[in-house]
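Notes for the one structure printed next.
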Amino acid sequence: MLEATAPLLDVKGLHAWYGESHILHGMDFHVRPGEVVTLLGRNGAGKSTTLKSIMGIIGKRRGSVMFEGHETIQLPSDRIARLGVAFCPEERGIFASLDVKENLLLPPAIRPGGMPVERIFDLFPNLKERLTSQGTKLSGGEQQMLAIARILRTGARFLMLDEPTEGLAPVIIQQIGRTISRLKAEGFTILLVEQNFRFAADLADRFYVVEHGQVIDTFASGELEANMQKLHHYLGV
Amino acid sequence: MASITENAAPDKNRSMADEIVGFIVMAVLLAVVPFTGIYPYFVMQALCFALFACAFNLLIGYSGLLSFGHSMFLGTAGYFTAYTLKLWGVPPAVGVLIGVAAAAVLSVITGAIAIRRQGIYFAMITLALSQLMFFIYLRAPFTGGEDGIQGIPQGTLFWVLDLSHTNTLYYVVVAVFLLAFLLIYRIVNSPFGEVLKAIRENEPRAISLGYKVDQYKLLAFILSGTLAGLAGSMKMFVTQNASLTDVHWTMSGEVVLMTLVGGLGTSFGPVVGAFIIVAMQQYLASFGQWVMVMQGAVFIICVLTFRRGIVGEIAHYFKRSL
Amino acid sequence: MSDYILETHGLTKEFAGFSAVSDVNLQVRRHTIHALIGPNGAGKTTCFNLLTKFLRPSKGTIIYNGEDITEMKPADVARLGLVRSFQISAVFPNLTALENVRVALQREHGESFDFWRSKSVLNRFNERARALLDDVGLSAFADIRAAEMPYGRKRALEIATTLALEPELMLLDEPMAGMGHEDIDKIATLIKRIAADHTILMVEHNLNVVSNLSDRITVLTRGQILAEGDYATLTQDERVREAYLGAGHA
Amino acid sequence: MQALYGQLLVGLINGSFYALLSLGLAVIFGMLEIINFAHGALYMIGAFTAYFLLQYGGLNYWWALLLAPLIVGAFGMLLERTLLRRLKGLDPLYGLLLTFGLALVIQGVFQNYFGSAGMPYAIPDQLRGGVNLGFMYLPIYRGWVVIVSLVVCIATWYLIERTRLGAYLRAATENPTLVRAFGINVPLTITLTYGLGVGLAALAGVLSAPINQVGPLMGADLIIVVFAVVVIGGMGSIMGSVITGFALGVIEGLTKYFYPEASNTVVFVLMVLVLLVKPTGLTGRAN
């Protein structure tokens, strides 16, 4: 059933540069509505750069990034966001000069149907008591939840999460895992970059392996066990 | 991020040949001036500002430090030389030495204070320090307040050269300028200059190699301030007065303008820039305040579209290091 | 002289709200290659910046060659022979490879403040500089400007520049990050050769990259030491595998 | 004692201008990473706008208080859109050089038409005269200047620190790339912020017109003192800039009373002392 529908995000021949260094060497992949897709790969392979290029916050990029049929390669990042693309950066990007409530309410609603604040509080209960404390006074886990919570409000249906479990305790990782599967159940489409392989394995429908700025392999979740050896080699673990 | 010292890093290695040829051409041109119709006082004044700009360029062009208060060194040396010549009657050489020494001492004190901060803060601190000196000189008895020190005897240099004679003074000024220019060239191409270059290119890496970067920046500041003092002392012989305009912040702005127009981080840029700005002020004087407007406009144009400056563009275009 | 060149006691660094590094007790044995590894966000780079004094510790002490360097400035620590490299290539882009190495050689011998002498006086270092470039396989590139070199060569140049200071302890920050396979092997053999008469503390991301390279490995997760030992023991340790591949979620 | 209170009042008034101007500078620097050297010239234009509105438009002081900041603020936004925008990604020192060029152009043009002398601007009737507080005689207009400045500074602080618009501004100052990735038009926010900073300077100009007369040079020397205030106070916090501005005005006033010769150097001397003790300034945000 999934194969028939047109992809929500279709990336073709995407090249990107950080200053003079050429990071992405022609990324090709797609994400269908309602899917959770994970980009795997070693440090420096270009996973984060791919998300940043889609979001339009990279110096120079070339190629094609189609979102809901719109070509976004030339658009500035605020226009891309308004098409319904939401981004949660690796360093989480919690604003130190804002309190938790201001951080939460900062991203403007770009479409009706954003998650109401009460609904967000039951997904992330411990954010509720911390509303007035200063943005970066939260623990790593709380900051990660706040970073995800604030993009749910905007009505965006396509979320890009960059290493959401980085540096977090196992119990927090489990809570984030449950949240993502509930979002998937509610029909969100998620593009995930993750080092934590087993965490991603339980959530994702499909995987792309990225090396040296290109997709070198792809698996459906069913084919994981069969390709474990190859994956270990790819990830250099 | 395009940095302010991009000229100082030429695309190809800095070759000595270009700069030696450039120096010879400059020296010859200066030597023949008295035989042409050009007004020597104009060239002398421009040379003093050229030296001032070259000294300033040592700081901004090669260490990336923008000082907005360099007029305090020009003015200080001018006042001290004027005072010692007129009231103590010391010979010219001694007067210049005293003036340069005063500028050196001031550069050590102000440098030690300003070096504690970087970039924009460094610029604001140097501006505030020079404004402090402006008010001190406004009140200090020895500077003659609003009308400054006038009618200073030029005296005879080394008992032989009568500086009141125009051509003699002219060749002395040219000689001092060329020697100072060579000294600056030596500083830039010395072991110290190499470290300055390394700090400018990658400061964290220089620190990790064990260089105490603030000390090198401070020495660059002191050398720059002292040489600016030499320019101030020389200018006093040409204009025969020392006044508040030499310590005013507009003078600090002017030296930035000259270096920017000519080319930050080039050897001959500041000289070219100085001649252009002095010519502009001289020959457009009849336009009154419009000169300030034009200078402002030149500033804006250079920053927006002409960051390499005239000599910088030429050097870039012809792949030469000038 | 204790056989540990570098020791930390209760090393801690708190940023607003959470501690990136908490209570780390590290011991680096002389003339060995010691690797500090861990997944992203484990606090490796923070730890590295604490050791090289580019960050001030919130708590704890750092002992180098028996001397407490906790409060020292980065430049002073470098003068004692503890020299670092940088993750993003740290070369002087517009200087040639030879000049890059010579800037380091020049610091050792004191005339760096001489503004009155010609820089040709530095040519006496050229021979030593060429030897160092040869050591890292860059002798053919002595007169190439660093900016024009590919990434792998820049990394080798950085190591040559560090070696010029004859450091006792070299701290390498992810020397193999972002490199192709053939470069990795070249740099790995280079590090192996250097370790003969230097001590190396290396921060790296992947386990197998340090496998045949390091004598001792410390695994960091969430700012704390999870496990220590050589490669063989650590690959069996389930906690390490879990730290990398992550625990499955409910 | 009367003279002491008199000087204290003068100090408070200067402090009001220092606060309004350093507040504007801090807001602009926070967002654009540019030290607006033209800030003094824009303060001067604010005063001239009040003068023109009265002279040619027949609009009195009260209209000027409202219109001058808007007109000059709009002019500021035009400058940001046409000139300052091009400095994106360049060394911040170029921002200082460009705005210095701007200051020269503005000052040169006004000096051409109005010479260097100042022109009087009448105190509005409602604010004439004074009141005897027993320990001193308080001219009403001067009291008004201090109160308006305090109110405007606190209002600006409230806008930035306590409102949603302020949250946008603070966030965009901290991480403009990410804020833009949330769909907020950051370039527009930058233009509005520059307009706000310039508007504050223009307001100070209108307030100062009746006291300091309207002349092309009124902003030049003032801005250098404000730079020293900003170095002392650091640009870490809005309230820090305001408090430092008023405090230095009062200290300058006291110096005028106790040791007049040092009155126009005391701010610079204090800057030197602060730098020696705490290089990053009082609010401690390093450069």
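In order of appearance the chains are A, B, C and D, and numbering begins at 1 in each one.
Note that in this section contacts are C-beta pairs under 8 Å (C-beta built on N, C-alpha and C of every residue); 3 or more make two chains touch, one makes a residue touch a chain.
All values derive from a computational prediction rather than experimental measurement.
Undergrad: Between B-C and A-D, which chain pair is linked by more C-beta pairs in contact?
TA: B-C
Undergrad: Would you mind checking which chain's C-alpha centre is most distant from the centre of chain A?
TA: Most distant chain from chain A: B.
Undergrad: Measure off the straight-line distance from the CA centroid of chain A to the CA centroid of chain D, and report it in whole Å.
TA: 44
Undergrad: If you average the Cα atoms of chain B and of chain D to get two centres, how far apart are those centres in Å?
TA: 32
Undergrad: Cα centroid separation between chain A and chain B, in whole Å?
TA: So the centroids are 55 Å from each other.
Undergrad: Touching at least two other chains at once: which residues of chain D meet that condition?
TA: Chain D, residues with two or more chain partners: not present.
Undergrad: Specify the contact topology among the chains shown, as one of line, ring, star, complete or other.
TA: It is a ring, because the chains touch in a row that closes back on itself.
Undergrad: Once the touch criterion is applied, which pairs of chains come out as touching?
TA: A-C, A-D, B-C, B-D
Undergrad: So in the complex, the part of chain D that touches chain A is made up of which residues?
TA: Within the complex, chain D contacts chain A at residues 164, 167-168, 170-171, 173-175, 177-186.
Undergrad: Taking the complex as given, what residues does chain C use to touch chain B?
TA: Within the complex, chain C contacts chain B at residues 52, 54, 73-76, 78-79, 83-86, 90-96, 99, 102-104, 106-107, 111-119, 121-122, 143, 145, 161, 165.
Undergrad: Using the touch definition from the top, list the residues of chain B that touch chain D in their complex.
TA: Its residues touching chain D are 1-4, 64, 66, 68, 113, 116-121, 123-125, 127-129, 131-132, 135-136, 139, 249, 253, 256, 260, 288-300, 302-304, 307.
Undergrad: Within the complex, which stretch of chain A touches chain C?
TA: Residues of chain A touching chain C: 21, 42-44, 90, 96, 134, 136-140, 143, 163, 165-170, 173-174, 176-178, 195-199, 201-203, 212, 236-237.
Undergrad: Taking the complex as given, what residues does chain A use to touch chain D?
TA: Contacts found on chain A: 55-57, 76-78, 80-82, 87, 89, 93, 95-98, 102, 105-108, 110, 151, 154.
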